[in-house]
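These notes are about the structure you will find just below.
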Amino acid sequence: MIIDILSWICLLAGGALGIVGGIGIHRFPDFYSRLHAAGITDTLCAMLILLGLGLQAGWSLAAFKLALIFMFLFFTSPTASHALANAAQHSGLQPRLDSDEPEVGS
Amino acid sequence: MDFFIGHYNYWIVIFLMMVGLYTVISRGNLIKKIIGLNIFQVSVFFLYISLGTVEGGAAPIIAEGVEVYSNPLPHVLILTAIVVGVATTALALALVVRIKESYGTIEEDEIHNLDHSL
Amino acid sequence: MIDIVINVTLLAFLAITAVATLHLTNLFAIVMLFGIFSLLSAGLFVVMDAPDVAFTEAAVGAGISTVLMLATLALVKRPQKPYYAEAPRAHRPWLPLVVVVITGSALVYGTWDIPGFGAPEAPAQTHVARYYIDNALQETGVPNIVTAVLASYRGFDTLGEVVVVYTAGVAVLLLIVGGAQKRRPGPGMRGDQMRPNLILHVIAKFVIPLIILFALYVQFHGDFGPGGGFQAGVIFSAALILYALVFGLDVAEKIIPSRWLHKLAALGVVIYAGVGVVPLLLGGNYLDYTLLGSNQVAGQHLGILLVELGVGITVASVMLILFFAFAGRARK
Amino acid sequence: MFIAALLAILVTMGLALARALAGPTTYDRIAAVNIFGTKTVLLIAVLAFFSGRGDLLDIALVYALINFISVVAALKLVTRGDFHSSDSDESEAN
């Protein structure tokens, strides 16, 4: 019962974080802030949802697969965000500062 | 409402098919034509899989306590079609690369101009 | 109920994405959208209870086809900015629109006679599918009906498909690898062009063996769960493509030289066709695996396993041949 | 609960799709595709539990593995083609 409630909390929190991240990538003004919103919430949202599912699964093959997915997302998702930001920065894409004009898309 | 839900899949399939067809006919860029062909192709995949779905059915892997399975035959056909599809797409892309190297462009209009064929 | 909601929403997303690919003129953006298109497709295939198809679409759409498209874009980009723009056409194409609307209306009119989505009494469900579902497990010992049908009941068809994949690989080789360019190190998809990114390198080294391991799991677990030769081959090649992307094409070609790939692609087809010949010699029909084992189930199971192995080898090699062909072209 | 999670994921997918359509920079689109990929993994994983078929987790696993590749490939193209590192850097590198 307690495990059920915990898993529900995880699922709901994960879903909520997902939506927050979604709003973030939709509303923020420039690429870096959008990536910031997306990159952080994306990983935690995935972790929470997978944790919630894992609690439902108990000790089984499904839990093992979930752990694998968890591990991959945990490694690849931040790596992708990092590589993206790195590439964008080296390409000369400037973060938008308060004083700037609205950004010019390329 | 039931009729709408029951046919929504097919309507979207037809819509996708027509978007793909329109892209192929109306756009001059060869890469975009290939994307259009791919959209058309995917719409056919959806048509097959939609036809194979059975209400309340499970994936066609025999398991304890499952009575209704969806139709495995369309799955087989489409599974192979996807892999063949990417192979043939690669062939089309290879042709595009050769066209680019010969003509210096991948726009249909410019190729026609160079060939004086229009 | 929630199934229907997901189905409807994902299909709507799919339609929006398709229209957007039509409207955008930046080819790079279009290829990215096409990646989303394939993610949506795989989600939909899962909702429609077709895990094997979703599996294939996942491996092909997210990995190979996006990479091939991007490699082509690198080869056909314009010499100046904007590199990936589509040129506008001289005239407004009204005629195609008319043709498309008329065709579409005719097709929609046709749907009035189709039984609703998921109707169990639809003609598609009542013929041979019934037989497969009822008898596949007893006759082949393979719980995954899709694998049983793919490799055994419709083995001939699949052999043809594998040959088509092989032929496409050969054709691409003829088109863009031949021509005797003098090879010299030059601009190409090589590791050093991407500034050495330590994090990417470490993560890739960590992920690639796991992808290969998973490909083997998919290959040999395909009898019992979703998976099989086609999926495994694509996943295996995806691992090596990731390696080539991160560490450079030259390094990747040292691991699997192209001439090996050419032979392996043929080997897969030969395994498949050869497994078919064995029952012929034993007095049965072509691709009738029953004679391969001591009893029907053992024979069928062995045959399916071998045939899937052939499929896996051919698909993996052809996908790698395709990638090396496109990525290596920039080197000339 | 599964339903709530599924709906949340769908909404997020919609928002990411909107960003992929809107752009404006290439990097925005790549980021959107990446997020879309992660959400597809989650959608399939939750669906696997919702429908009680553990097999489906394999598909989520494939996506978790392979989604990375398209991002790396797109970045590779962009860093050597579209922006600063195009031709001058390549000739220097050789």
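Chains: A, B, C and D, in written order; residue numbering restarts at 1 for each.
To be clear about the criterion, a contact is a pair of C-beta atoms (placed from the backbone, for glycine too) under 8 Å apart; a residue touches a chain by one contact, two chains touch by 3 or more.
Everything numeric here is computed off the predicted structure, so don't read it as measured data.
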Two chains joined by the most C-beta pairs in contact, as defined above: B-C
For chain A paired with chain B, centre-to-centre distance based on mean C-alpha positions, whole Å: 31
Centre-to-centre distance between chain D and chain C (centres being mean Cα positions), rounded to whole Å: 18
Distance from the mean Cα position of chain C to that of chain B, given in whole angstrom: 13
Numbers and ranges of chain B residues touching at least 2 other chains: 58-59, 61
Residues of chain C whose C-beta touches two or more other chains: 31, 51, 73, 195, 200, 207, 210, 225-226
Sequence positions of chain D contacting 2 or more other chains: 7, 13-14, 23, 26, 30, 32, 53, 55-56, 58, 61, 65, 67-68, 72, 75, 78-79, 82, 85
In contact (per the touch rule at the top): chain pairs: A-C, A-D, B-C, B-D, C-D
Chain B-facing residues of chain C, complex: 4, 7-8, 11-12, 14-15, 18-19, 21-22, 27, 30-31, 34, 37-38, 41, 44-45, 48-53, 56-57, 60-61, 64-65, 68-69, 72-73, 75-76, 86-87, 89-90, 93, 96-97, 99-101, 103-104, 107-108, 111-112, 114-120, 122, 124-125, 128-129, 132-133, 136-137, 143-146, 149-150, 154, 157-158, 161, 164-165, 168-169, 171-172, 175-176, 224-226, 228, 230, 233-234, 315, 318-319, 322, 325-326, 329
Footprint of chain C on chain D - complex, ascending: 3, 6-7, 10, 13-14, 17, 20-21, 23, 26, 29-30, 32-33, 36-37, 40, 43-44, 47, 50, 53, 55-56, 58-59, 61-63, 65-70, 72-82, 85, 87, 89-91, 93-94
Chain A partner contacts - residues on chain C that touch it in the complex: 195, 197, 199-200, 203, 206-207, 210
Contact footprint of chain D on chain A as seen in their complex: 7-8, 11-12, 14-16, 18-19, 21-23, 25-26, 31, 34-35, 38-39, 42, 45-46, 49-50, 52-53, 56-57, 60-62, 65-66, 68-69, 72-73, 76-77, 79-81, 83-84, 87-88, 90-93, 103, 105-106
Chain D residues touching chain B - in the complex, by the definition given at the top: 51, 53, 55-56
